[in-house]
Structures are given as C-alpha cells and as structure tokens.
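First subunit A sits with subunit B, and in the next complex the same chain sits with subunit C.
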Partner chain A sequence: MARILRSPLGWILLLLLAAAALPWWVSAYILGVLTVSYYFGVFAMAWDLLFGFAGEVNFGPTFLIGLGAYTAGILDNTMHWPILVCAASGALVATLGGLLLAVPALRLRGPYFGLVTLVAVLLLQNAIVIFAGVTGGEIGMNVADVLSIDAATNYWIGLGFMAVCGALLFGLSRSAIGLILQASGQDAIEAAALGFNVTKHKIAAFCVSALFSGLAGAMLVFYEGTASVDTVIDLAIVVQIIIAAVLGGRRTILGPAIGAILLVVGGEALRPLGQLNTFVVSAIALAVILFFPDGLLGHVLRRGERE
Partner chain B sequence: MLALQILIDGFAISALYALGAVGFTLLFGVSGVLNLSHGAIVVVAALIGWAAASILGTYLGNLVGVLAALAAAYATYFAVVRPIQRSPAIPREETEIFVLTGTLLWSIMIQVGAAWWFTDNPVTIRPLIAGVVNIVGVRTPANEVMIAVLCWVVIGLLWLLVNRTRAGRALLAAAINPRGLVLLGFELDSIYLLVWTIYGVLAGIAGVLLASFLGVGTNNIGQLTASAFSIVVMGGLGSVSGSLVAAFVVGYLETLTAYLVAPTLRPVPALLLLVLVVYVRPQGLLGRR
Partner chain C sequence: MNGKLLEVGGLHKRFGGLVAVKDIGFSIAAGEILGLIGPNGSGKSTVMKLIMGIERPNAGSVRVAGTEVAGWPTHRIARAGVGIVFQHSRPLHRQTVLENIKLAMLPDSLLRLAAAPHVEARAREIAERVGLAQVLHRHPPTLPFADLRRMELAKAIARDPQVVLIDEPFAGLTAAEVKAFSDLIASFRTQGRAVLLVDHNVKGVVALVDRVLAMYLGEHIAEGSAAQVMADATVRRVYLGGAIETHARPELDARGGKPLLDVQGVSVLYGKAQALQDVSLHVREQEFVSVVGLNGAGKTTLFNAICGLVPSSGAIAWQGAPLRGRSAAAIARGGIVQCPESRELFGEMSVRENLELGGQHLTPADRRSQLDWLFALFPILPQRERQAARTLSGGEQQMLAIARALMMKPRLLILDEPTLGLAPVILEQLSKALSELRRTTSITVLLGEQNVTFALPHADRVYVLEHARIVWEGDPARFAAEAGAGYL
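Moving on, here comes the complex of A and B:
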C-alpha cells in the first residue's frame, strides 16, 4: 500500500478507481456533467500534444473535433452503420482534415499558423450552415443512435475512453517521438541540425492530435445524441480547450485533462451565479496564467523537482 | 444603380474596418502584442458611449465612450499584457502565446461583465448628424458619409502623428529596432504607453462610430476581433498601409457578397481569400518579412 502511494502511477490508478466508483455515490446529473468533462479532457490532451510539445498554437481544435463529430453523425443517419464504425470513420476523416490543414499550414510560423487554423474553424462553421440540408445547420442534428441511455454506463465509457486516450498520448509524449517533438518546438533549427525531420514529426503530431480530437468529438455526439455548432465547433469551445490546457499545465498531457474536468465542473458549480459564472471561471484562469504560468500540474511537478 | 450603392456602402464599411484594424496593427508592429481583446475594447466604447449618450447627449456621450475605450486599453496593458511580459516564470519564446491566451480570457471577462452590467442586445447610438444626402442618385444617410470622412480624417491625423512628430518617429523606430532605440536613450516603457494610448483612442472612435452606423453588442466581440485579426494578417502584420488596403478588399468583398450572392454568406469569400493570401504570401499583401 505504501509503495502504491509513493509512485505517481499508483496515485493515478487510485484516482481512476475512485472515479469509477462514483456512480454508486452521486446522482445521474453529476455523472452527466463529469462525462462531458471527460470528453473535454481528451480534447485538451490532444491539443496539448501540439501546443506543449510541438510548440504550435492550434486555434482550430474544433475544426478537427467538428469534422469527426459531424462525419460520424451524418454516417450514422444516412448509412446506419454501427456506432463504432461511424466513430472510427469520423476519426479517420478528422485525421485526413488535419493532414490537409497541417501540410500547407506548417510552412507558416507562429501567429500565421494560428490564424489559418482559426479560419478553418470559421469556414467549417459556415459550411455547416450552408449545407443545412444534411447537417441541420444552426439548429443542430439529431443522431439516430446513442451509446447508452444509462447514465452510469455512459459515465464508464467516458472515463474509460479518457483513461485509454490519456495513457496513449502520455506514452507517446514520453517516447523518443515526444522528445523530438519537444526539441523541435523549442528550437526547430537545432533539432533539424541534429538530423531530425522537424516538419515530418510536426505533421505526425498534428495527425495524432486530429485522430484523438475527431474520435472524442464523435464519441461526444453519440453520448449527447446531437451534434450542433454550439457544442462541437464554436470558438467558445476552442477557448475552453485552450484555457483547460494552460490551466492544468501545458506539456504535461495529464494536466490538461485535470484542467478540463475542473473547468467543466467549476462552470457547473458556479451556475447559481448565472451569467457571471463564465466571468469567474475566466478570471480564475487568467490569475493562474499570471501567477502560475506552469499550470496546476506543472506547478506541483516543479515544486516536487525543487525539493 | 446597384453598383453605386455597393460602392458607397462598401466605402463606409471599409473605412470603419480600416480604422479598427489600424490601431491593432500599430500595436503589433510597435510592441509585438497581438491583442485578442480588441473586439471587447471596441464594444466597451460603444456600450458606454450609448449609456452616456442618454444622459449627456450624443456628442459628450461619444466622447465618454472613446475615453472608456482608452481606460479599457490601459487596463489591458497594465493588468494583463505587462505582467505577462515581465513574468520571470514565462519563457521568452512563449510570451506570445501567453499574451494571446491572456487577452482572450480578458476579452471573455469584458464580454460577460458588460453583458451583465448593461445588456447583451446590440445598442445603437443616435447618429451625429441627421438627414439624407443624394450622391449621384443614391440616397445615403448623411451619418454614413460623415463616418467615412471621419475615419479618413482620423487615419490622416495618425499618419501625421507617426511621420511628422518626434514621438511618432520614436514609434516607427521601435517597430524596426527596439534595442537600437534603447541605446539611443529612449525609454521603451513610455513608447509602449504611447502606442497603447493611440490604440485605445482609435479603438474607441471605431467603437462609437460602429454603434452609430450598424449598432453593436457584446455578441459581436468575437467577430470584431476575428475580422481585425484577418485584415491585419492579410495586409501584413505590422504594416499600416497594408491594413488599409486589406480593409478595403475585405469591406468591398463582403458588401459585394451580401448584395449579389446572399447576406448569409457575407464572411465566406473574405475568409477564403485570407487563406489563399496566407498560403501564397505569408507575409501579407504589403508585409515585410
């Protein structure tokens, strides 16, 4: 027992077990909030792979999420394939979209790259309104199938999904590829001089990020039973993902997931404040950025290193 | 007839876009800050100008609105941007992304705060001058003409300030080589303060004029920031003349689409053109590398 408490992995497993036991303790409403926050956690982790490691500011995570979500939803409504096939196709389309976006966009640096990804979101948003016949336009689209109607089952699926994605992304970030990405993010010229193909690695990182974003987007659609611009594409979602990643601690992969959960749960807990809850959440996030720029997990880790 | 209508309406909207984008690009050129709370500051001017106009009358109200934008710009600089730039915990190469995230959060705070304090409905300030003028057969509100003229007067004054005064030349120098300027004995802090002042006034004027032309509300904040950002990137980050050209390209493209294709598609061609420009010529139309 003492050994488990001393290793970080042990802590994570204990936390996951505790989280998995929640359906026996709390109401379906809280489970619903947490389930959404787990999918957000995957969005934020996928974004952190690009930002924290590859050093690219992607303002378009919802371009990838939206592609996955809408592809899965449309396929489900028109082809009536099983949910898993639809979700996988959504992830595939998101990856292709990410590739299409990344190959030319990565020629650009810093703010220009950010802008192109931002424009991609705005264009997707417009495209969905233009093709309202298939996509439901601004109102949104109902999908024929849902993952489950039981809150606890949905909760476990969400938790398991986040755990698996987190493990994969974390493993990737700690592998040689993750190190090369980190090097190219911090000093692209030096990384290239050491013989690493910086562009190839960054495109790979973008595709991996797109794959997980798209898959999570598709899963979210099958959990909620609807896809709409407001829930998977709107710029407000982009802002939430970025805040979650910076709040939790960039370059830690697991931190952004924690940040996302805190953000969603915090927003829900502050709901009695009405409109002002967004104000309070943003103010807290801004304070974290100003005073603990490493984020929550980054701050803890850094203090651990110092001791 | 329709062509003239498009020409006149497009000119007014383009002039407003230009005014909004010039401050944004100047700020980036001189201090390297991409201020994502731009739209929020513009809307602050509109909302406070609107509220003050009902008490103090239109002229004084507009003035109060501009002053409010100036105060909001100072608040952005002192509460958000400067602490981030000076924080020892933020690595230098990551300052940019932190400024982007910080100003974005600040923008949301202003948006939600203003919606709660005032209203989230669009507000319209009473026109400064009433009446209609007839331009070659097109009946145009006199206010629209005045807005276009006023925008160009302000931009002209800005040009004089930057090119013909000592402080303005220091601004230009800071855009080219800040270190050299420091070596010559200029205080960078006071130059940054000056550029934020100019920025605040420009954003304020753009805000009150926008409110009297089309009406704006807190829900437009994101769109306003995005359009200023795209215009500035299209014209070349930091290039004032490039922003002017890009503002007119975007303004006319949007007006043409709205009149000839469909009002719902208004932003689409401009966005596509922006993507094209960024791919083919990443430094923008008139940008330096």
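Moving on, here comes the complex of A and C:
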C-alpha cells in the first residue's frame, strides 16, 4: 500500500478506482455532471497536446469537436450505422478537417495561426445554420441512438473513455515524438537544426489532437442524445476548454483533465448562485492563472523539478 | 569533393533593399577550423544562417561533402551532416541533461515512439566527453551557464556532423571555461570535422583557427592567417577606423564641470553569464565621454544598467542622488536619454510623428523651436518629414533616432553604437552633426562605440571596455599610444 502511495501512477489508479465507485454513492444528477466533465477532460487534454507541446494556440478546438459530433450524429440519423462506427467516422472526419486546416494555417506565424482556427469555428457554426435541413440548425439535432439510458453505465463509459484517452495522450507526450514536439514548440529553429521536420511534427500533433477531439465530441453527442451549436461548437466552449487546460497545468496532459472536471463541476455546484456562477468560477480560474501560471498540476511538478 | 567538407560560393542575401551578404565564398577541409569575423551588422551571422538553411540564399551555392544543399530546409541540411551551436538556446526545462542530449539523436519519424537502444549509451559518452558527466540527471534551469553551453555543444555533435558551425563560442565564459571549450573545439580537428567559428573579432578565436575570413557590410574584406587578417589595412580601418585624430577640449578640465553621472562598481549578470563586472566611470557636466569596446564587451549592458533597463549591483548616482529603485521611465524623465543601438523607431509613423512623440512633454512653442533646431542639425530630416520611418535608409534612421532622443531635451544623451552597419560616407555626416552638437550646445554625451575613429575625435575622455570590465581610461590623445595596439 505504501508503495502505491509513493508513485504517481499508484495515485492515479486509486483516484480512478474511487471515481469508478461513485455510482454507489451519489445521485444520477451528479453522475450526469461528472460524465459531461469527463468528455470535457478529453477536449482539454487534446488541446494541451497542441498548446503545451507544439506551442500552437488553437482557438478552434470546437471546430474539430463539432466536426466529429455532427458527422457522427448525421451518419447515425441518415445511415443508421452502429454507434461505434458513427463515432469512429466522426473522429476520422475531424482528423481530415484538422489536416485541411493545419496544412495552410501552420504556414502562418504567431497570432495568425490562432486567428485562422478561430475563423474555422465561425465557418462551421454558419454552415450548420445554413444546412439546417440535416443539421437541425440553431435548434439542434436529436440523434436516434444513445450510448445507454442508465446514468451509471453512461458514467462508466465516460470515465473509461477519459482514462483511455488520457493514457494514450500522456504516453504520446512522454514518447520520443512528444520530446521532438516539445522541442519544436520551444525553439523551432533549433529543433530544425537538430534535423527535425518541425512542420511535419506539428501537423501530426494537430491531427492527433483532432482525432481525440472529434471522437470525444461524437461520444458526447451519443451520451446527450442531441447535438447543438451551443453544446459543442460555440465560442464559450472554446473559452472553457482553454481555461480548463491552463488552470490544470500546461504541458502536463493530465492537468487539463483535472482542470476541466473542476471547471464543469464547479460551475454546476455554484448553480444556486444563478447568473453569478459563471462569474465566480471564472474569477477563481483567473486567480489561479495569475498566481500559478503553470496551473495546478504544473505548479506541483515544478516544485519537484527544482530539487 | 577534393577533401573539402564545406564549400560556399557566391552567396548572396537581400532583406528588402538591404544587401546583407554579397558574394561570399570560402571552403573548409576536414580537420580545419575557419574563423568568420566581422562587427555587428557585417552579415557573418546571416552567412551562418544561410549555410544552415535558416534563411534561404538569393543566390550562391553551399556544398556539404560535395552535395549541393543551398535552398534546402534546415532539417534536411542538418541530416546532411551540419550541426550548429547557437549562442542562445532554449533547452527542454522539464527534461534532464541526458534526455536533452538524447533528443538530438532521435529519428525524424512519426512512427518510432521510443529511442533506439544504443542512443542512451552514446548520449552518456558524449556528455562525458564535453564534461557533463556530473550533471547528467540535473534539469537545465539548475545548471551554471558554462554547462548549458556544454550541453548545446553536446547536442550539436550528438549526430556526428561533418560540419560544425559555432556562434560566438566563448561569449559569457570565464577564462578557465574558455580554455576548456577551446580544447573541446580543437578536438574536432582530430575527429576530422570542418569547423566554422563565428565571432565579432579575431582576438576571440585567434588561438584556435587555421584561417580567418573577415566581413564588413556583407562583403569579404580579408582572408588569411589570424596574424595576416589582424594586420590587414582594411580590417584595421573597419574596426579602428582610419588614422586616429583627436580634438580634445583642454578648457573643460580647467573648468572642472560638476559631476553629473557617477557609476561605482556596477556588475550585471544575464542569467549566469557575467555581462558587466565591477565597472566604475563618471561623466561631468558638458563632457563628451566615449566608451569604446568591441561588440560583446558590455557597452549596451552598461547603458541599460544606467537607464534602469536591466537589474545591476553597485551604485549609480545621478546629480548626486542614487538612481536605485527608480523606474526606467522616471530615469528618462530625470534627463538621461538613451538612443539605443537598435534605434527602436516607430516604423509605421512618419519622421515628424516620431519626433513629435519624443517631444510629447514639451509645450507646443518649445516643441516647435526644438524641431526647427533639429531640422537644421540634420538637414536630411525635413526632406523626409512625411515618410514612414521604416522606409528611411540606415543612416537616415540613425539620425532620426538621435534627433528623437534630443527632442526630449536630455541632460545626458547616451548614444549606443550609432555607426552600426553604416557606410563610411554616412559616418562622416553623422560625425559632422556630432561636432556641431558639441560646438553649439552645452549637452553632455556618453557615447558607446566599437569604431574608435568615430568615437575619439569628439571625446574629452575615453574608457576602454573589454570582456565586461574597464581596462583603460584616459584622454583620447593618449589612446593610440597606450591602448590602440591591444584593442583588436
């Protein structure tokens, strides 16, 4: 037991076990909130791969999420394929969309990359409104199938999905590729001088980020049973993902998931405050970012690094 | 191939209208070390970037072991066998020294998730060779500056490049560290690598190099052994200017102007590099003091310390009151105005707008008269009044920068390397304007220069700054005899 408590991996496993036991303790309402927060956790982790490692600020995570979500939803409604096939197709389309966006956008330097991704979100939002016939437009779209109607099952799927995505993304960030990516983000010229094709690695990172974002978007749609601009594309979601990632700790992958959970759960816990809840959560997030710019997990890791 | 590992020919590079590199060519054989020297703005760093593919040449050829690589992207040139040691680098802070070195040996692949097994052993071996064995598992932010430079060296040679480019190999190192680094670089010779050392001056690399190539304003001016290049008339003119002439104003000593600026024992550290060490100097009212020193000696750091732009230790007093704790803006309002080396003009604003911004705190009438006076001092400026500052030539930009500083009616004007990258004919105009300024006003000036010929004629007193310390002080008449020989 003592050995488990000494290793970070042991802690993570214990936390996951504790989280998996929650359905026996808490209400279906709380489970629902947590389930959504787990999908947000994947959004934030995928975003951190780009911002924390590749050093590119992507203002369009919901372009990728929305592509995955709507593709999966539309396929489910029109083709009636199994959920898993629809979700995989959504992830694939998001990856292709990410590739189409990244190849031209990464030619731009500095803030322009971010602006292009931001415009992509607005374009997708408009496209959905214009093609209201298949997308449901501003009202949103109901999907024919859902993952499950049982809150506990949905919760476990969400938790498992986040755990698997987290393990894959974290493993990738710690691999040779993650190292090269980090070097490219920090000093692109030096990385190139060491023989690394910086553009190739950044495009690959964008595609990986798009794959996970799109898949998580599709899963969220099949959990909620609906897809709407407000829940998967709106710029407010972008802001929430970015705050979650920075709050949890840039360049840690797992930190952003923690940040996302805190943010979603915090917003829900403060709902009795009415309109004020967003304000309070934002103020707390702002304070953390100002005083611990490395984020919660980053702050802890940094103290270890100084030794 | 004829044994030459690096062959450069007819290299040209233009940035907009500025020709940064003009018809540069040289070759380096296996086991040979070539020094590429030139003052700031001479184009030597651009040559290095062109070889590495960080900038694309407009014309010319770069051959690495017989393969033409000009125009290739950087990562392919690196794979072709060129390694570079940057002067400034940003290592991975969350990884250890060993992991940073291993990074350099990873394949450029999206599918290989782990490093090959031999990489670990090889990284350790390289770390040991450059003297990092004791700090393998430390993180870069905890390392002393010399070890960071060692790590950069280790990364550059990790993939066994045939050609090694090193930018300012000894900047910021102590004498003992310089020795250790020299030995390391010398060992490249026995390993059969071709080495290009880029530095400001011959002095820094003389002990290592087989040959030296000197550049000025993008052009090749001399080539040969270190001794030949140092003795070369063109090189001496570039670094020292022509014959040194002085017109000191003996009357000033008799008047004994009141002390205006007093700098006592000031030191500055950049991270771990010592940029200024125990420097003391003073400037009296109406004096024209020149601080001469080669690029990298610490002139800009000294001025920035005085202006409160970089933190320093020691004491700086202005009109008898200490400056410590006052913000850069407060110091500037107090009358110390710097005209920085990089000029810092507002490129999109017109000449007149730049000047008016400098005179923002003046009353309209005052501003008007100050502007008229400056337009008389620099006759080219009224002709360019409505032109955007970035479209001016280098010399015109320098004059505008000085004029803008003067708009603030400084008590003390600090001029940092005004001659940087300017052609001789412009230097004459600038020199004339400074003479005029000294003759017609009671302004106090502190000038930092590498070009001694430019710095000396106006000066009442001269300090020589070398390797972060003041090594000589005296009047300009004595400079040639006492300090001139050891300067280059």
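Rule of thumb we're sticking to: the second predicted complex is superposed on the first by the 305 of 307 C-alpha atoms of A that agree within 3 Å, B and C clash if a C-alpha of one lies under 4 Å from a C-alpha of the other, contacts with A are read in each partner's own complex, and residues count from 1 in each chain.
Following the convention adopted for this analysis, a residue touches a chain if its C-beta (ideal position, glycine included) is under 8 Å from a C-beta of that chain, and two chains touch if they have at least 3 such contacts.
In this text the structure is predicted, and so the values were computed from the model without any measurement.
Undergrad: With subunit A superposed, do subunit B and subunit C clash or fit?
TA: clash
Undergrad: On the A-aligned overlay, A:V116 touches which partner chain: subunit B = first, subunit C = second, or both, or neither?
TA: After superposing on A, A:V116 lies in contact with subunit B but is clear of subunit C.
Undergrad: In the superposed arrangement, does A:L179 touch subunit B (first), subunit C (second), both or neither?
TA: Touch partner of A:L179: subunit C, not subunit B.
Undergrad: May I ask you to decide whether A:D294 touches subunit B, subunit C, both, or neither, giving the answer as first, second, both or neither?
TA: first
Undergrad: Just subunit B (first), just subunit C (second), both, or neither: which does A:H201 touch?
TA: Second partner only.
Undergrad: Count the residues of subunit A touched by subunit B and by subunit C, then name the partner with the higher count.
TA: For subunit A, the partner with the higher number of touched residues is B.
Undergrad: Please indicate which partner A:F279 is in contact with in the superposed arrangement: first for subunit B, second for subunit C, both, or neither.
TA: In the superposition, A:F279 touches subunit B alone.
Undergrad: Quick one: classify A:A152 as touching subunit B (first), subunit C (second), both or neither.
TA: A:A152: touches no partner chain.
Undergrad: Touch check for A:A192: first (subunit B), second (subunit C), both, or neither?
TA: A:A192: touches subunit C, not subunit B.
Undergrad: For the superposed three-chain model, which listed region of subunit B (95-103, 113-121, 167-175 or 257-265) is the one that clashes with subunit C?
TA: In the superposition, subunit C collides with subunit B along 167-175.
Undergrad: Across the two complexes, find the residues of subunit A that touch subunit B and also touch subunit C.
TA: In the superposed arrangement, which is not itself an observed complex, subunit A uses residues 186 for both subunit B and subunit C.
Undergrad: Sort out for me which residues of subunit A touch subunit C in the complex.
TA: Residues in contact with subunit C: 171-172, 175-177, 179-180, 182-183, 186-187, 189-190, 192-198, 200-201, 204, 251, 301, 305-306.
Undergrad: Would you tell me which residues of subunit C are touching subunit A in their complex?
TA: Where subunit C meets subunit A, its residues are 52-54, 73-75, 78-79, 83-84, 86, 89-90, 92-95, 99, 102-104, 106-108, 110, 112-115, 139, 141-142, 155, 159.
Undergrad: Give every residue of subunit B touching subunit A within the complex, in rising order.
TA: Against subunit A, subunit B makes touches at 34, 80, 83-84, 87, 89-90, 93, 96-98, 100-102, 104-106, 108-109, 112-113, 115-116, 222, 226, 229-230, 233, 237, 264-265, 267-268, 271-272, 274-275, 278-279, 282.
Undergrad: Which residues of subunit A touch subunit B once you look at their complex with the stated criterion?
TA: Checking each residue of subunit A against subunit B gives 51, 57, 104, 107-112, 114-116, 118-119, 122-123, 126, 129-130, 186, 235, 239, 242-243, 246, 274-276, 278-279, 282-283, 285-286, 289-290, 292-294.
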